[in-house]
Amino acid sequence: MTIPTSSIEQVIPGQGSMAQPEAAKPSRAKRQRFLFVRNKKAATGLVILGVYVLIAIIGPWIAPYDPSARSNDLVQGPSAAHWFGTTHLGQDVFSQILEGTRSVMLVGFLAGAIATTLSVLIGVTAGYLGGKMDDSLSVLTNVVLVIPAVPLMIIITSVLNNASDTLVALVIGLTSWSWNARVLRAQTLSLRRRDFVEASRASGERTWRIIVFELMPNLTAVIASGFVGTVIFAVLSEITLAFIGVVSNSGWNWGTILFWAQGQQALGQDAWWWFVPAGLAIALLGTSLSLINFGIDEFVSPRLRSAGKTKLKTASGGTVRMRIGFTPVLSNSATPHTHAKVVATPVMREAK
Amino acid sequence: MAEPVLEIRNLNVDYGLGDRAVHAVRDVNLTLHRGEVLGLAGESGSGKSTLAYGMTRLLAPPGVITGGEVVYHPQQGPAYDVLGLTDRQLRAWRWAETAIVFQGAMNSLNPVHKISTQLTDVLKAHDPKMSEHSRSARAREMLKLVGISADRMDAYPHQLSGGMRQRVMIGMALILQPQVVIMDEPTTALDVVMQRQILGQLIELRERLGFSVIFITHDLSLLVEFSNRIAIMYGGRIVEEAPAATIYRDALHPYSKGLLSSFPALRGPKRELAGIPGSPPDLAGMPAGCSFHPRCPKAFEPCNSAIPVLGRPDTPDGAGRSVACWLHPAEQPVG
Amino acid sequence: GDSPNANSNNANKASVDYLRIGMPNGTQTENHNPFAGTSSANALGYKWMIYEPLTMWNPVKPAEPAKPWLAKEVKWAADYKSADITMRDNATWSDGQKVTADDVAYTFTLLKTNEALNANAIPFGDITVNGSTVHVTFTAPQFVNQNKIMASTTIVPKHIWEKIADPATDINKNPIGSGPYTLKSFTQAGIILNVRTEGYWQDLPKVKELRYTSYADNSAQTTALANGESEWSFVFIPNYQATFVSKDPANHKIWAPGVLGIHGLYINTTIKPFDDAKLRQAMNMVINRADIFTQAEAGYFHPQIDSVTGLPNGAGDAFIAPEYKDKKLTPDVAGAKALLQSAGYKLNGTTLSDPSGKPVKITLTDPAPWSDYQTTLEIIKTNLAEIGIAATVDKANQDKWDQNVQKGDFGATMRWTNGGATPYDIYQTVMDGDLLKPIGTAAQQGNFGRFKSPEATAALKAYANATSDADRTTAMNQIQKVFVEQVPMLPVGSDNVGGAYSTKNWTGWPSDGDAYAGMQPTQPYALDVVLHLKAANS
Amino acid sequence: MTSIQDAKAPAGEVVLEAIGLTKHFPVRRRLRDLFRRQHSAVHAVDDVHLTLRRGQVVALVGESGSGKSTVARLLAQLYPRTGGDIQLHGESTRVKGGSSFRAYAARVQMIFQDPFASLNPVHTIRYHLTRALKIHHNAGDDLDAALAELLTRVSLTPPERYLDKFPHELSGGQRQRVAIARALGAQPEALLADEPVSMLDVSIRLGVLNLLRDLKERLDLAILYITHDIASARYFADQTMVMYAGRMVEGGDSETVTQTPAHPYTRLLIDSAPDPDRLTGDVDPLEEDRGNGEPPSLINPPSGCRFHPRCPAAMARCSTDLPVPLEIGDAPGHWAACWLYDKAGAR
Amino acid sequence: MKYFLQRIAFYLFTAWAAITLNFFIPRMVPGDPVQSLITKYQGQLSTKSIQSLYVLFGLDKDEGLWSQYIDYWKQLFHGDLGLSFTFFPTPVSTVIGQALPWTLLLVGITTVISFLLGTGLGVLAGWRRGSWVDGLLPVTTFFSSVPYFWLGIIAIYLLAGPDSFFPSSGGFDSGLVPAWDQYFIPSAIKHSLLPALTILISSVSGWILSMRNMMVTVSSEDYITVAHAKGLPERRVAVSYAARNALLPNISGFALALGFIVGGTLLVEIVFSYPGLGYTLLQGLGAKDYPLMQGVFLVITISVLVANLLADIAYLLLDPRTRKEG
């Protein structure tokens, strides 16, 4: 369910490709650090996510109704009074969505944070220290990886009475760190023999300082992308758990809405308004996170960044298509030829 | 002097378009003659590789060729502009007429295919009628030519040492008997012993097969030893061009002089090493006038306003050489 | 051809000669053992089409005597500690052998000697055969269990079963029964039964083939019913008018008669102030059962209970004590408030405080996935708010809930009672002091609310052991009195033996007008229903 | 910068000395090897003797893969050694980590080959240098002053202009200067420079090398200069050692070694170096060497002299007997490990 | 080969650790199979049955966790997974055996199709950047963020109906018996279309994206430029040079996806009442059916490990660099 981060496994920020003498312009270079935000996809994603965060914060206050309050409008379609219609108890679906956002965001981000922390701790440590430590941490990672996550979550949540959002987030976080840990370990392996790591070791830095201050900053993009991926996964997991009714969550989240809608056969009664909005809300949140992930991917790999710009505008307004292997030739060159001269021999020049 | 095989005329290559474009190659004029080794030197970022890729249209995005011509003179038939060929024509022209050897041989060979496959698929693409058997015979022959025993045919690139890989690349470049071979820093990744072996071999093959070579490196001492003529690039332009011995003895452009005095000599008296102060220019924001003037010890008035034109200098031995420097204003521009 | 599917290709058949029965019971594995609670035969109920009971009992009319079925006659002793069963002589097993009294005796002995199979924990004594009569004794009076023994026990052939090594774990691959159907095939998509060609002791049913399908969950089953892929099922259908009936109003029907088994809010009577019967009475007075019936139970699933005795309408009518005959449960907020006031409770604005001045708060709990119970609790929560009781609904995890309810670690919970032929099972589940366990010890059999009432316990005992109807009535009235006055549990709705069905292909289903049987496809009377079916277009 | 101090016999105090230094990297063991006694290993460095003296530069040259970097890392104690000894001021040291390693690092610092890779791209110059100072408690009271001093020492002036830049904002030469400054932050006595200029542009190299020489003179540092460019060793180092396939094959003062090389391998190396004075058309003198002109496997190095399979002057004993360092005699301290110079000639 | 033995040793160890966890995790859960069964049949199963069920399941004897663990391993070595409680007395292996083929066929084939399709589209998108395939990306991203089950339910609502071609549930028509004949196979295929489509739609985007990004990365490698310089036909460059190399990093992702076939799409099977293993597992979870849970977890664990091993082998076959030079 997470977006594969294979591209990130390949490229490490600021290395190799940047080792060209493009250094001279400090202001531009500095700005590059924030280039990620200027990425169109990432910006779109961030804006959508921002809206969700806002709703998560103020949702319960702006909700027109108490989401649990019953009324006499049973299973009513969308109307001015109830934008997303009502449930079998006459509850306002719109208010439920607004109120539910907080739990979804909380669980998503908390679980993401927990899983990311674990994956960093385990993945980076394993990758950097190597040897026995690496072996045992790798086994741990693999064991967690091969135990199916969702069933495991179901089991663990069923041990807990009345799991709160925090607890659910903890469970999701604890069961979903392994993939990222693997990616990070691979990344760290390729980083740890880098000269700058060796150099700081040679200059006498302590191991934990090397891991925290030398390695981790270079893994930020990978970590961030892993975080975003885990958030998506956590949101989907929470919703799944709520949907199948194993989480004893007393509050509202989108999964709860779907649970009720499904339990009451919302679609069977043609009450689509009860079922559809929550799903779309999830999809949109997921899309925004994926967009941010793309942004991170492109930020990390300049190749991907420029890959988007395949059509360039010339000064004269035309477009040029970039192709690998066939560099475009601009016939209407903007640069004046200092010595334009006709070739004496016949030239086959075809318009294409 | 022999007839030309490849003439580069006013070639301009940019990275990107519009205001933020980097003009990596500007108004380059260069002629390669049949059978000669033309050396191209200049420090990192001066546009050597861009020129090589640009004239073959192999530049990766966002590179664009913004003007100029690359006129190719085939052995038979009329000359034509390579930049004007259709995709099909260009594909047919590539390798058959002009082959390229890149800097990193490890990266030039597809890691997942055997070298035999990579050798024969050139043949397959350019001569589909050729039989399987004669293809592999030809591939074998080429390997032998570059001193690799035929039993390494079925090796994968990673199973060969760096030197062997580079030799495979050279063999592959010659497999269609092209007229021109462009070599972009073919030996920088190798150590000196290997470097000498390979270059020696190349020179020998050139004598036998008669192709011309454009040899790119920033190691001037290597060029002086191995090439017939040398062109020196700075900031995307050719700043000086002359026969190798001439440049070595008497470089005219201050930058060429600087380059020549930057490497220590192994033999003879220890000579003065002056180096070049300052750092290479930023191609995106080139200084006005001669782009070398901020670093030039001899810069004077016109240098910071007007761009010197590459032309025949006013020196006594000016024949056959050209320079772009206000110290030696051109008598007759090249082009 | 040779394919087993060659003649099953139903698409181009003119008329339909099969009935499609569905249950939302999830994956099934092949197991035709009629005694195993986990068998597919049990889960889908097709064991009743293959095996038959001694009598056919109609839970919709529990007070009516059971019809003779495999037995010609069943005669109970007055103390219900023994019975004489006389077998009919024209029944045969599907392998052709005759059904005899030996088979019955063997079946009972099987249950007696295998604790694992004796699901109703019937205390069998001696079992003797005399010609076509079986004399069976019990170590305790079996008045309340009489139909479990006679009408819910499948009789199996001795000559087959005595060869089975472990009857508890055998899957009974080739079921041989006395019923009108035999097993044709078992697949994960469903079980197919074929009607017997001969040897059945009464007229063969018109339905030639029964196709049982187990759907993953309620929603899949409902979809199948709505699509017509399923013609008979017992499943909770929310808003059944919209989701089911409206899809084919002429044919899609639901009939859900109540039976002697109820659902209600168990109150933990050990927690202050809920140990006060007055408070419980007041709570009982504000529950809006009509709302629960229509909103939580879709207007049919748990028929609303009107009687203050908690006895279901219809099935319970015959048992209601005279003093409660006309006492109905109707919401009466004002009355409740008055009652509370008189008992020393104070209502300040929206908060009720008990005589000691503490605000009255309660936690209502039920497993998260049970949406009808959850809805019920939501409604009860708003009802209780009217008299100032602050309720919170706790959607516990099912296992945790089970554990907590058994250990008495809860405030109040919706739960069901056992059901049976008399109200005894209902009241016993709620009030039996013999089942009482201290808080913290699991009470597996009942009395989850830790209700302590020696009168009720004694009356329950008296009812079960009575030897005359008069004694039974007295005891029953006494039980009801405790229940009504002490309100150990707030009754909400009754169990139903209903079902959703389609008359598109088959008619003759039981109905209010002709309530000859219940409507659940998994119960013994399902066979009676199938025997009543006629093709719709004939 | 043009004067040539003819290298006299080394006079400075010995700072760091390697005696019989050996490093074998275990080859990843496979299951099959479990049943064998013998462990195969990469013989990266074998029996290397090296002496670094105060105010002197020792160059270590040799082709790629000959073990130069390994020697440097061994001396920096970044790798545990397989055999031999490292003596700091005559005292044998073996440190792995913790404070003893830091104490060692305070006296012996290393500069890496690639200035583009040896600075962490996410940290500013200030961070790098501050760490270098703080680890070894050299920051003093005034950190800013210490930083400025450090940058000034490597001619990055004015210091303010560079302090808050990120590595990618600097040119290669500037980066390498920062890397040197970082090493100097520890106030070491010995500097191990592992190909400090090989990744730099021709015109920039010179500046860095001159800086190193300048530092040597001003701070009286002992410097190990590793390179594969023998010409720069001649220009820059007082002494030059030549390595081949993990072993030292020749040593002596730089001018002697480069002008009158004794060992056939050194000769090959010098003949191969590009030389503008040799003009096109020379027939490659090493033609017969084709095909097998490759460095030997270090897992199973050739017996005897490791160069013998490629050596034009190989004798029978070269393939059996390991040559010992032999005095050449043309200049004091010039030696080669080659049987050609076995004047005793016996055996 | 030796490398392989080493990997296998690693996998065996991982398998041991995972199986041990698989044993202990289900036992942490409160409640027991009997109680679950009673609760499941809300009132239909009398509370009096409790004792008989305890006896039936053999839970009336008290056994220490440790001896259970030892027994578990003993059984495992005999290939015996025990008896399921939910489907008592059916052996777990039978339960799994009847469900596994369905999951393997539905989810397995769909995963493979999804991978192939996604990879194909990814190659196109990465090679011809800015073409229509690139325009597809936002759409597929959106779908990949939708929960599987939601999509499935919507699909049933919109596409399955009384007269629809698509059945709403099951693996084949209820009148049929599994057999390789002209009645059964079309029916099975028909029933798998909607679930397959659901999985496909929500999973293909990930493959497209990762393949596209790898293509972009690989496209700027030198050997691609060399291939162009050699004048090879574009298709050969795209397929044999670029895609061939870009594929390698995706192999391990694919292996993992194959491994997760069983556990990953649990809800699709529930929504479509598909008789697969994921759904069986959920039932086992609900019923505290330890033997069944263990069994399914075992299958999942083993399949993930085997898939990983296969990925290693695939790597070995596809990437000559991992082969030992000879």
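Which chain is which? They are A, B, C, D and E, in the order written, and residues in each are numbered from 1.
Assume a contact is a pair of C-beta atoms (placed from the backbone, for glycine too) under 8 Å apart; a residue touches a chain by one contact, two chains touch by 3 or more.
Quick caveat, the model's predicted, so the values are computed rather than measured.
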item: Steps in the shortest chain-to-chain touch route ending at chain D and beginning at chain C; value: 2
item: Chain whose mean Cα position lies farthest from chain B; value: C
item: Between the pairs C-E and B-E, the one where more C-beta pairs touch; value: C-E
item: Whole-Å separation of chain centres (CA-atom averages), chain B against chain C; value: 91
item: Centre-of-Cα separation between chain C and chain A, whole angstrom; value: 50
item: Rounded Å distance, chain A centre to chain B centre (Cα mean); value: 45
item: Cα-centroid distance, chain A relative to chain E, in whole angstrom; value: 23
item: For chain D, residues that touch 2 or more chains besides their own; value: 171-172
item: Chain A, residues touching no fewer than two other chains; value: 21, 24-25, 158, 244, 262, 268, 307, 310, 322, 324-326
item: Chain E, residues touching no fewer than two other chains; value: 29-30, 153, 156, 220, 225, 227-228, 234, 270
item: Footprint of chain B on chain D - complex, ascending; value: 1-2, 4, 63-64, 171-174, 201-207, 210, 228, 230-232, 234-236, 258-259, 268-280, 282-284, 286-287, 289-291, 293-294
item: Chain E partner contacts - residues on chain A that touch it in the complex; value: 2-7, 9-11, 138-139, 142-143, 145-152, 154-156, 158-159, 179, 232, 236, 239-240, 243-244, 258, 262, 267-268, 272, 275-276, 278-279, 282-287, 289-291, 294, 297, 301, 303-304, 307-308, 310-311, 321-322, 324-326
item: Chain E-touching residues of chain B, taken from the complex the two chains share; value: 53, 56, 58, 60, 87, 90-96, 99-100, 102-104, 107-114, 121-122, 125-126, 156, 158-159, 172
item: Of chain E, residues touching chain A in the complex; value: 10, 13-15, 17-18, 21-22, 25-26, 28-30, 126, 129-130, 138, 141-147, 149-151, 153-154, 156-157, 206-207, 209-210, 213-214, 216-217, 219-220, 224-225, 227-228, 234, 237, 249-250, 253, 256, 259-260, 262-264, 266-267, 270, 281-282, 285, 293, 296-297, 300-301, 304-305
item: List of chain E residues in touch with chain B within their complex; value: 220-223, 225-234, 236, 240-241, 244-245, 248, 318-321, 323, 325-326
